[in-house]
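Take a look at these structures.
In the two assemblies presented below, chain A is common to both, partnered first by chain B and then by chain C.
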Partner chain A sequence: MAIQMQSKPTVIQEEAFRNHLSRLQSCEQYPAWLTSLKQEALNRFEALGLPSRRQEAWRSIDLAPILNAQFRPFDEKQRPHLSQADIAPYVCQEATNRLVFVNGFYDADLSTFTSLLAGCVVGDFQSASRTHGDLLQSTLSSLVTEGDDAFESLNTALFGNGVFISIPENTVIEAPIEILFLTAANQDVPQFGYPRVLVTLNPHAKLNLITRSVGLEPAKSSYFNNMVVDLNLLEGASLQYTYIQSEASNAYQLAKTNLLLHEKSQADLTSITLGGQLSRHAVAVKFLAEHGTCQLQGLSVLNDETQVFDYTVMDHLKPNCTSQQLYKGILAAQARSEFDGTIIIHQNAQQSDASQLNRTLMLSDDARVLTRPQLKIDADDVKCSHGATVGQLEEEQLFYLASRGLSAQTAQSVLTYGFAEEVIEKIPSVSVQNQLIQQVHKALHDDYNG
Partner chain B sequence: MSTLESIANQEYKYGFRSDIESDVIPKGLTEDTVRLISARKNEPAFMLEFRLKAFRHWQKMEEPHWANVDYPAIDYQDIIYYAAPKPKAKKKSLDEVDPELLKTFDKLGISLTEQKRLSGVPIAVDAVFDSVSVATTFKKDLLKHGIIFCSFSEAVQEYPELVEKYLGSVVPTTDNFFAALNSAVFSDGSFCYIPPDTVCPMDLSTYFRINTEGAGQFERTLIICDRNSKVSYLEGCTAPMFDTNQLHAAVVELVALENAEIKYSTVQNWFAGDPKTGKGGIYNFVTKRGKCLGDHSHISWTQVETGSAITWKYPSCILQGDYSKGEFYSVALTNNLQQADTGTKMIHIGKNTTSTIISKGISAGKSTNAYRGMVSMKKSATNARNFTQCDSMLIGSNCAANTFPVIEVQNKTARVEHEASTSKISEDQLFYFRQRGIETEEAMSAIINGFCKEVFRELPGEFAVEATRLLGLKLENTVG
Partner chain C sequence: MLEIRDLHACRDEKEILKGINLSVKSGEIHAIMGPNGSGKSTLAKVVVGHPAYTVTSGDILYQGKSILEENPEQRALDGIFMAFQYPVEIPGVNNANFLRLAYNAKRTFQGQEELDPLEFDDLLQEKLKLVEMDPSFINRSVNEGFSGGEKKKNEILQMAILEPQLSILDETDSGLDIDALREVANGVNKLMQPDRAMILVTHYQRLLNYVQPDFVHVLSAGRIVKSGGKDLALELEDRGYDWVIDQQTAEV
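Presenting the complex of A and B:
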């Protein structure tokens, strides 16, 4: 197998990593079409090579810990048996349909299905391939050849199970569908998973989707999740999608969300990052037809030595589309965050309206933030703006609250939460909002006391 | 032909070439070239060492390609590294300067005979023709105040200790590919030293002119402003029209000591190449950097970039002294096939340092215009502040405007604000003007001047007038 080396210092690690991969690949059994699709993805991964730090999009990320650790796939036999009570803190109470995965394996007992409308396909890959094999095959096949993200190809090459959702024309699913990826690192060796979610909304369908990846503490070893979510919205479809990452503190997560917007479709995406040691969430949005709208908001609340990289590309390929982005970060302790957001307006994409705002709140002198908001504009009749701010809580605001009898700690907490609220309140589930508020308070409260 | 059309079709007016006999060394670059340049200029040992060190490092470097510009590979062996107007005899005063040279500069609107200029305000000028400085005006008047303003070669001979102390202190020889190249082969430039407690009584100015075909211009400017002093410095540039591209890789270093203030203004109008084919034109790859070394020092860059086939430069400030202040005001206009990748870096090191960045990019024709900037708040930069605004305007749908800022913060008390927007001249706006009897071209000029006013406001009087006029000229026939 031809191996293209991109940067010398990691040659040995890369080689080990690749050997490791080919071993993994050979031991899985799939239907013929999927095997060839996975081989294609692996070839693509080989051609792309591992991202090097010379690539702008990966520049600040030190992949060495991921490449060095000899991650092994999760073992189904060692999967812990969890009860509904165990997962209660992480479930969206409004959700009537929930798919639960533990260590990458679908757990039918923990999953819930009620009141699914006719024609809807909601299920894990294994059951979906039995009932809607052709649809799954055509959906997957249409996705794999695209993209220039090596880890995305790697996911395609290695994913085991995942979720397939297809909502038929003019069907509105009101209650949220929740997908829970739980990881219990109960072994001494580092392990990894490749969650995959495929969603198709047919014309004028409507869906509220939540994916949540949760690491159960304490994690005995580090683990690595490489997650890919493909969202395809056909004409007039409407999606609300919430991505929540609260992995264990020694976990690595590289996630990619692809959103394709067809004519007059609407998407509202919220990305929340609360955990993990190093995580990256790339969101690639493509306007494939006119009059699409996309709202994208992100919040990361980071403590300890957490590193988070948010990477967005808003690709206006067609005229008359609107996009809005708001990414916020709260950094405590030695946390490090990076936001790299690009808005591309192609030459024929006149009347595009794109805005982006990145705001970071620094609570510690040891925290570091890097922000790169980028505009690439090739059309003249457009409205584009971006903004970025970095700072700490306003003295005056703290004083105002102190003068009304609030302790310094409470005042800080109130203001910090207020900063986070703007993003959290966009999530279309009150129970999830409340859980997140608690998590934010907990994460930051620790810091104020420490 | 209407008046308008004739103005619009006006050719690059500084495109003439003066017939002046030149002392030219053969093309190519080896260690011997570096030694030859140094020997020609009769330089002390430390200069040769500086050049050789830079050259040896440059040989090991790779030409960078990260900028959003596109140009055929440069053959560094096909450049004349030293071209100088042949001296008739050693000149004693300005009267003895080659009359052909004086004519050239007169044609450019730069008076080398110490007469008052348009505005009635005297400006001291150091005129750089190809590789050497040919004349410096008002030198004696300035010396009375203790101000040293002369060509770089003269400074190397007369004030070697100052040169040795500060040369390369802001832009080290190893800084980047083009700075290393410049450090190895630079031939001349301007040198300026303002002694403590002195406000420079007049604006100082350097005027760059590339005349010889195939010559690269590698000049070096070093300005040192001592304690409690103040200086305003202007820079202008033109070149004749040639079919071949010419490389201009200058280095400008500014040093501001305690409580000093340097204001550096540039109106750059190098030949931009043929408007239709893009043939010829200057590659303007310049490294400009200022260091606010002392507390309460202040460096301000103002630039109006209208010329060059490619502009690739980032005038920057290192804010080392506490309470020091950096400013960057820029208008970059690209038309036809021009490319510009410009912006600034503000490196905050000292406490309570502040910086302001105002960048206005205007793209027309098939040009591309990028703002690339960095604001870095180091861990020591307590209470540092930055405000950045970069606006782009697109005229026509074949051009591109890009914005690539980077913000890095390592101190929680630091505060950074960045905003950027893109707009166009709308039909509504033009209609409003026309309705009131103002023609399209004039209306456009008014809108663009309004768009750029925050930057023009920073330019010294005469430059502001020139910049406004230049912009109008460059954009004619782009709308309607």
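Presenting the complex of A and C:
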């Protein structure tokens, strides 16, 4: 199959890319419809072209390190064999269902399934395409021509496996479902992965979902993860979703989360970024019907020369919907973060209530933060607010802790963690909260554990 | 225990303490009274080492040694405690965790094993009873959303847990209703022992009805202008501060 690229971006090194795609397409487990769907996605990607800094959504990201690296697909033969003990630090203890991928390959031995209610579809694409092929096909097909995000189309073209979840009407899944994408960069060549998650909550279904992309240290080479999560909430459905990025320190991650909200549906999303040298998480929320609510909170903890870009679009297409955003950043050393959040209120979307707040804690004079709130409001009867704060640890708080005998380092740790806590406490899993406390301290290279 | 000698201190180049002399021995309770802005809180904060204040001359000796070179956490570990007039709120920091960290910092300093959260909880429950504090406050963020009185009780709870040798209570009685005042005073009395000492900074006689001071000092414009026994507090309650200050001015 010939693939003509408009430009010749090396992220998709033509040869590696072509081999990868044809390997996918020749894979017996993959049905014909998926092959053609991937071709469509590829055409879409070619039409869009790679993002350039002329595009608003990408203007301050320097993609050169990603585009210039000679990434290769992960090789299944080189996949390390991990034990439950290896993944224990990333396991949500409350989760009764867990899907584990290593270097993009589904690992049935590490995965766990218990107590799924009747009618629930929870599985990797390969098994789902056997058991629920039509449903998977219609879900994917509805997404493929959507959007103007080239990397999203690239993901659709190149994903090997992924997770398909569909929860039937009126079904409540109490315990969290966890998806782990582990990357072990155990080869000398840079590699790429394209994780994909598709979630449909049918009317009045309820789900608590956690995805984590984790890089196992030490990573022998850099790698690039292009992850896409599609969340579709039908009428009255309710989702708690926690996204955790703790990639290796030399990894690149470009992630996209799409959330569609139908009538009276509710979503509570938490985005945590702790790793990677350059990462971007775009969250695109669309209110497709009235009375939807969305809470979106983010926390990034950055050290050294890491860069994190959070990009959100809260699209109020219909009246009477509520959205709240709180993004917090903790920046040390020469880290750099950007929050670019757009709230769009369409002309007929009266009685919309949208707020957005970005707060940054600077632990170093050399760190940089950029906040870009954008409001595009075409309705007149709406409540809309945004704000941003940038500050350091407060002297009086530090002194209070010192006056109780806490060392300066402990006091700083305690206060820094206190700043993060407002976001972490929203995560509906105590074990994950506790793991994150440790990871926040690790990200800040501080050995305090309290 | 505490010996303050001709202490001068300033903040932002402005001299606030202008030659304080004070000697506090084990087993003594001293009350410091005086009008607003006279420097009472400043004195307390200088003793515990607040970084915003600079000691320009004089000395502070604790257990016979100058502590001017010691940072606040060293002073705390040495057994000096201050209950703040306006305790700061610390969102996101769990009160119980904070109390345990503080307690364990002291245990480590004294060469003892740290307590784990369960062991510490037993101690915490006992101390909560001592200060008659509602246990629900320990699972909230430190002082966040506490009423004025609750904040003050939280200070006394910390004092009960840390069992300092020298406690300086800065207007712990203000903002308390009569029941809370009695509860706080009971707690303070239980914590007073012959080998400990206390300095009570207060505006009012009413705390001193519950906690009997051995000495009362009047601070005015950065100086101690009068010292006496507990009767002085009653006299101040009656006559206000002006006569003391006038008397002092007349003497000068």
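Keep in mind that, in the parts below, the second predicted complex is superposed on the first by the 414 of 450 C-alpha atoms of A that agree within 3 Å, B and C clash if a C-alpha of one lies under 4 Å from a C-alpha of the other, contacts with A are read in each partner's own complex, and residues count from 1 in each chain.
In this section, contacts are C-beta pairs under 8 Å (C-beta built on N, C-alpha and C of every residue); 3 or more make two chains touch, one makes a residue touch a chain.
From a predicted model like this one, the values you see are computed outputs, not experimental measurements.
Partners chain B and chain C, once the complexes are superposed on chain A, both fit on it without clashing. Within the superposed three-chain model, A:Asp134 lies out of touch with both chain B and chain C [touch as defined at top]. Residue contacts after overlaying the shared chain place A:Gln392 against chain B, while chain C stays out of touching range.
Contacts of A:Glu421 after superposition on the shared chain: chain C is touched, whereas chain B is not.
In the superposition on chain A, contact is made by A:Gln347 with chain B only, not with chain C. Of the two partner chains placed by superposition, only chain B is touched by A:Val382; chain C is not.
Contacts of A:Ala367 after superposition on the shared chain: chain B is touched, whereas chain C is not.
Contacts of A:Asp188 after superposition: neither chain B nor chain C is touched.
Smallest inter-chain Cα distance, chain B versus chain C, after superposition on the shared chain: 16 Å. Applying the stated touch rule to the two superposed structures, the chain B and chain C interfaces on chain A have no residue in common. Residue ranges on chain A touching chain B, taken from their complex, read 347, 350, 360, 362-365, 367-392. Residue ranges of chain B in contact with chain A, taken from their complex: 377, 379, 392, 394-424.
In the complex of the two chains, the chain C residues touching chain A come out as 48-52, 71-73, 75-77, 81-82, 84, 87-88, 90-93, 97-98, 100-102, 105-106, 109, 141, 158, 162. Chain A makes touch with chain C in their complex at residues 394-397, 399-408, 410, 414-415, 417-422, 450.
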